[in-house]
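Quick one: the structure is below, and I'll ask about it shortly.
Chain nomenclature is as follows: A, B, C and D, assigned in order of appearance, with residue numbering initiated at 1 for each chain independently.
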Amino acid sequence: MAVKNRLINPGAGFARAGFAGMLFLAMLLVSSMAMAAKYDVVPPSGTHKGEDVPQPIEFPHNTHVKDNGINCMYCHTYARRSKVAGIPPTSKCMGCHKVIATDKPRIQQLTKYWEDKEPPPWKKVHDVPDFVHFTHEKHLKTLVFDREFPVEDVKEVCAFCHGELENMTVANKVKPLNMGFCVNCHIKNKDLGAPGDCWKCHK
Amino acid sequence: MSLDNILNHWSDYRKGSEEGGHHDYEHRWAMAINLDLCIGCNACSTACYAENNLAVVGKERFEKGQAMHWMRIERYWDQQELEHPEQGASFLPMMCQQCGAATCEPVCPVAATYHTPDGLNAQVYNRCIGSRYCSNNCPFRVRYFNFYSYYESAWPEPMEQQLNPDISVRDKGVMEKCTFCVQRIRTVKDKAFMEDRPVQDGEVVPACAQACPTSAIVFGDTMDEGSMVSKLWKKHQVERGVYQKTRHAKKNADLRGYRIFEDLNVDPSVMYLERVREDI
Amino acid sequence: MTMVTEKDINEQIAWAKINTDVLKSMENPRPAYWVTLAVCLAMVSTAVVAEYIQYTVGMGTANLNNPHMWDMYIAAFVFWIGMSHSGTLLSAILHLIHADWRKPIYRFAEAMTTFSLMTAGIFPMIHLGRVWNLYWVLPYVSDRGVWPNFRSPLVWDAFAITTYLTASMLFLFVGMIPDLAICRDNTTGWRKKLYTILSLGWVGSDQQWRNFRKIYLLMACFLIPLAVSVHSIVSADFAMSIMPGWHITTFPPYFVAGALYSGCAAIITLFILLRYFFRFEDYMTLPIMEKTAKLTFAIAMVWTYLNLIEFASVWYGHDIYNKELLIAKATGPYAWIFWTMIFCGSVLPFALAFKKLRRHMPTMFVVSLFLNLGMFFERWMIVAPTLSMSQEPHQWDIMYGSIVEWGIVFGSFGWFGMLFLIFVKIFPSVSMYEVKEMVFHRKRSAGEEDLARMTDHAKPVTQATGGEGA
Amino acid sequence: MSGKMNRRNFLKVMGWSSAGVALTGCDMPTTITLEEGKEDVVSYVMPEEYVIPGVGVWYASTCTQCAAGCGIHGRVREGRVLKLEGNPDTAVNNGKLCMMGQAGVQGHYNPDRITAPMVRNGGSLTPISWHKALAMLEEKLGATSGDRFAWFTGTISGHQSVLLANHLDAMGSTNHYVHEVVNNAVSRAVNQDMLGEANPRLRLDKAKMIVSFGADFMGASQSPVQYAGQYAKFRTNKARGLLVQIEPKMSLTGGSADLWLAIKPGTEAVLALGMANLLLNKIKVSDAGIPADVRTLINSYDITKVAQTTGVAGHRIQRVTQLLTERSPSLVLAGASVEGQAQGYAATAAIMMLNHILGNVGKTIESAGEFPFPQLMARQGGTADLVAFAEAAKAKKLEAVIFHGSNPVYTAPKSLGLTEAMSNIGFKVAISQFPDETTMAADLVLPVDSYLEDWGTQVPADQSEGTAIHVQQPLMEKLNAETKGLGDILLSLLKQRKKDEYGQFEDYYAYLRHAFAAMPTSVKGDAKNDEAFWNAALQTGVIKVNGNAKDLQSTVVSFAAPVVDDSTGLTLVPSPRLGLFDGRHANLPWLQEAPDQISKVVWDSWVEMHPATAAKMGIGNLDLVKVSSAQGSVTLRVVLLKGMHADAVAIPLGQGHEAYGRYAKGLGVNPLQILDATTDSKTGELAMYSTRVTVKRVGPADSLSLVRMGTGAGDSQVGRKLVGTVPVEQVRRTEGT
């Protein structure tokens, strides 16, 4: 009777499956413990594919940066003085575009805003959460001015977080800009004084 | 906090606060509050509401004990045996004491509250999961919990425009407390960093100290020997560290400086100066 | 001196009858079972509504406030964790010391362990301000590089409870395998499928029995220190703090004793209920009830002793905050709760010292409920008064829970009852193979080896192969 | 407007402002709120020199939360004012700010502000355009003869006051009623008579001892921050100052006293006369300058009789009087509980006489000097104008009244019958920020800018060091397009009357620029030109003005003998407090949520009683009671407080609003409503502290939240060292004298 039962007993398979499952869980545990022993963090995976954000004027970063070689900080002038990089005031645009390329439709769009004394309603692309205290000025000081990095090449530094804007028209987010992204860089650059203190960034 | 990290810095982690803790402090912010000058007027408390986006909870919730006043003025009646309180009231501005050996820190399961290199008890709102153990373990009862979501009720349009963008608005389920106005500290430190200079004494003024009409609150860095607050602590022979150490430090027991619940060995960063009364 | 000892179980009972009785219980309980289940479901729905309010509106609906950041949720958490301990006591400890009278009742006690742990485990979630981030208390590698705070007793709790829950569930499951095989062989339909999967191919071969014995003993040995450590760790939630009334060295043994106490009391309650629901008079006999009651009485005395130690150490200690609190507990606004707790916890158990009362089921039912009431009050007296009256007098306050809080705590009893009642309906709540063992051993020790008669009676249930190896 | 906006470009609210504030840990399981393209980033059209996005800038202005006129700095970021702090350049508050000042932003951003002009249409107020509103106003005012027109305001000063006076002038009217509940009108009258100056400078910091008869100088006073700053100096001076506070209900200042004495309400003058008797007859201080009748009066107050009448122990009186002579210079102050008596003038005079006897005049009471621009000086109010206004309204003498900065419908006792008399006024205009009771009774409502949006100048009445005009400038763009500045409204009213004179000014800003340019060089100092002077004034927020020094006279006027009501019974103390003040701040939630400094109650009204008095009546803490006077009754909870005289019950002012927005409406009771309309015969001020009441228990305590564990917890330190107290001798030993 016993022999017969064993032959027809399908439950035995579940025992084996259960055992295999537990083994798998155990391996997972061991491997994650091994990772925990080694790493403070794991790098965030992949790059970020940003959404296309429609802007009131399709501003061509590539024309300005690549073709004309204008420094990032010429327009985003607050970057070295404030925590935000800032959008240039319309007057700054008009400084050049009163004479340059006035026939182009985008410039005419801009001129219209200028004449109406209305700033264009730009949309924010690179947005860190509101509970984050991020300052452009300190990053620029550490990464550019204190290192005596040539200021004319500042776009390489900007590209750490903003990607290669010289190849974009309107900005597109290409880095995840999440906590893992920040933390990884801060851990790597401890020697530059990158703080590891939570309250440096969380407000 | 990887295992490697823990093992490599084991000797630092295992050190107690009395041996300097596991920090190389950059600053140790502290206060000295002269209770003889405190008139209990609530200016500091209201300034704190304005600076730190504190929610107004309303009558019912306040009476339930769910108020969010990071800085509260406690009022005690001494001489209870007399028919009238002949020496007036005893006012005590009470806020987070930013203890050096804080009891709130070790009990947080997710390390949302921890000690910063500035000597502050940080509270990272985003990390908080709302277990509320920190508040239970605080002898001063100065941690306040968002029992409700206040964003809409406390700041009806257009009041939300007053909110300070330098500090988060906490949503329900998050613990919060006095930060010594860390956003002001942060701003000043950033400024000093940009100018390649150390932070000056008197540069950081928390909202409460700024408002106090009698200037009863002095704020500063006790690691800066020349700071006003260092001098006051020294003058009153109050030293950082636990009871055994501070008791011996205080050679003149008549000096007015003391820290509340000194016997609990939590090493508060706030020194109070006793109230003075002339007996006539 | 001669004493006529009553037999724990009728040794003459046939194995087949055991199978029949137990299997019948899974199909055909008394109507009272359904009534109780309905009550439990109603209680759970109350809690669901209350929790919905609390989740959407905020923790403040539970009347929690600045001094009282914790209240009944934590008291209930400790209560339910505590209740889980007696299952381990009965199944593991008594197994190791070969107290075989445990055999008819250990299965439901173990189920009680598992389900009270499941109930307890819900409370930290109900109580968390931001429950969706609960997983942050577990260590895992992420790109953020943040870890839980290993110094916090709450993290230890998370480890301890999940370990204990896993272990006690496995223990319950493993101990049930031979019985599940019996069920498999005697049922049809979905039940058969279920039992087929769960019995993991048990056929009762000698090798299976050998392995089974080994693993069962091993798990019993593993579970005992685990159970003790779990409640010690729960006590660390309080003892590791700086608060008066919490920071007490004797808390770990005190908590374990309290846990066993409330668990034993709960076993008495459930003993009586099951005995009635499933007509288990032949298995859950009065002598076993008496033994359980005596055990409860002994633990009650241990608990009382530890209580007195705590009071004495506070009284003679130099901690003024603690002493003030103790006096306030006994004389302040919570005094009625304190004295109820003392009465239910230390005085009422003396009812268990009387044989007449021990054998009177309605009395025992009521007494066991009151013992547990006392133990619930004890947990609450640990949690809340400390917060009401900590070091800082400005924040002194008294508090009683809101209707939301009561609803959830009330509902947790329904939740436990619901899980338990469903379990005993689906799974054999009396361990068939072990009762057979018990009968067999008793009989053999009594010099009666009339196996033939017993196998005769096995005929009506011919498929009962699972019991053969016993 | 757009041209003006350019000039005020720095005030522009920028786009990322609204989203600049994080809501941490949002309600639902969101871990991170990374967004792309959700928020607007608005840039400037033209860059502003001082403005960097993300960096807060501080601008100077002046606080108008009470009449003290403290200088403020407002932190402006992305075009929004976020935080107010004291301006360190102003001597009045010296960089500090009280709770009411801090809460100013809540008035500015208040959700209950009136956003459009409204006119009474049938029963209700309906919106109307500014153009129509002003036309209607002009039409009505044009049809009103001068003597039937009036302005009803709170304390007003600076150039707004000048414009207002000119408007009255243009209307051919002299009716300017200035009303303040928290006032020192009686003291001003006494000072004028005895010292020759209504607002002499009180130098608390120079005094070695202060005896204050109910003067809550650090609480609800004319300049709380100023006096608190002086108090700090008074305490930290080499010889630590000694404060004795004598009052029927402990005030905020009383809470800081070295010796707090409860006195039977209405007997302060008796005590002062008794002290004078001791000084003159026992200690033999010179009685020079005291009129013979007063001298005789003094002689009749011997110490035993005084002690018996006042309830202050004889040895206390002797000791305090003795110390007054030892600690010279000292300062004796009279406060609201003295001024607000049926014989307030006499009582205040009796107390001020002590300063004369002690020789404090000239030492701790100084002359404020002559202010060079008398037209800018504060028009300070009292309650006499309220009484006069009610009389005029009842007599149907008024046809058109413009209300601003005062809420008489709320503050007038019922017995004045003002609410009914309001209907006698044909046309009531309220220039108002909030829908308060008076505004809701008006026929035309003109929404006014908050003080953080408006231009102006303020001249504080109480300035103890230097004399200055405080400049008020907008700290941000108008929150509501439809509000107008007070100055602008006044100007447009004046333009309708005196087109030729005021037509040249486009707006009040232009008027102010003109007025500043016209200031004498003595004021302008070394400013290069008008522009530089204007910019400097805006930057510091203060224009220092040096008046000519003057000397105070020190005389004693004859005053009537105090009449003591011997009947037993309770006197109502309607106590104002720093916070809600006279009720004007009841709509600011921060101030509602700030506990009363002494009783620690929030969001409510309560009545304070001495435990012994309550016990006699069978009243327990937090019981519901009915407090009745001859004029009516209010029902509220009892808070037992030992800082009370047994014959006094106190109800704090500020609550009991029937309108005034979501935060104020329907909370608590208004004790002003049940006051008797008795007035002081000499000054006509309301005797607010002389109403007799009865208290009856109507219900049990129901609030669990205030019941504490154990005995006296929450009030007592239960043996812990939370607030340590040391005797002054010890401090002198350790920290020197």
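Quick note on the criterion: a contact is a pair of C-beta atoms (placed from the backbone, for glycine too) under 8 Å apart; a residue touches a chain by one contact, two chains touch by 3 or more.
Nothing here was measured: the structure is a model prediction, and the numbers come from that model.
Chains B-D form the pair with the most C-beta pairs in contact. Averaged C-alpha coordinates give centres for chain A and chain B that are 35 Å from one another. Separation between the centroids of chain B and chain D, computed from CA atoms only, is 32 Å.
Chain centres here are Cα averages; for chain B and chain C they lie 44 Å apart.
Averaging C-alpha coordinates per chain places the centre of chain A 53 Å away from that of chain D. For chain D, the set of residues that touch two or more other chains comprises 20-25, 705, 716-717, 720, 722. Among the residues of chain C, those touching two or more other chains are numbered 130, 133, 145, 391-392, 394, 397. In chain A, the residues touching two or more other chains are 36, 39-40, 83, 130-131, 178-179, 203. Taken pairwise by the contact criterion, the protein chains are fully connected, each one touching every other. Of all residues in chain D, only 13, 17-18, 20-27, 56, 77-78, 80-86, 93, 95-99, 102-103, 105-106, 108-111, 218-219, 224-225, 228-229, 231-232, 235-236, 240, 242, 244-245, 250, 252-262, 319-320, 323, 479, 578-579, 589-595, 597-598, 600, 602-604, 612, 642-644, 662, 667, 703, 705-706, 712, 715-717, 720-728, 730-731, 733-735 touch chain B in the complex they form.
Those residues of chain D lying in contact with chain A across their complex are 2, 6, 15-16, 19-24, 32-47, 52-55. Per the touch definition, chain B reaches chain D in the complex via residues 35-37, 39-43, 45-47, 49-51, 53, 56-59, 62-65, 67, 69, 72-78, 80, 82-92, 125-126, 128, 149, 151, 154, 156-166, 168-174, 207, 210-216, 252, 254-256, 258, 260-261, 272, 274-280.
Those residues of chain C that touch chain B in the shared complex are 57-60, 63-70, 124, 127-131, 133-134, 136-137, 145-149, 151-155, 158, 237, 240-243, 387, 390-392, 394-395, 397, 399. On the chain C side of its complex with chain D, the touching residues are 130, 132-133, 320, 324, 328, 332-333, 388-389, 391-394, 396-398, 400.
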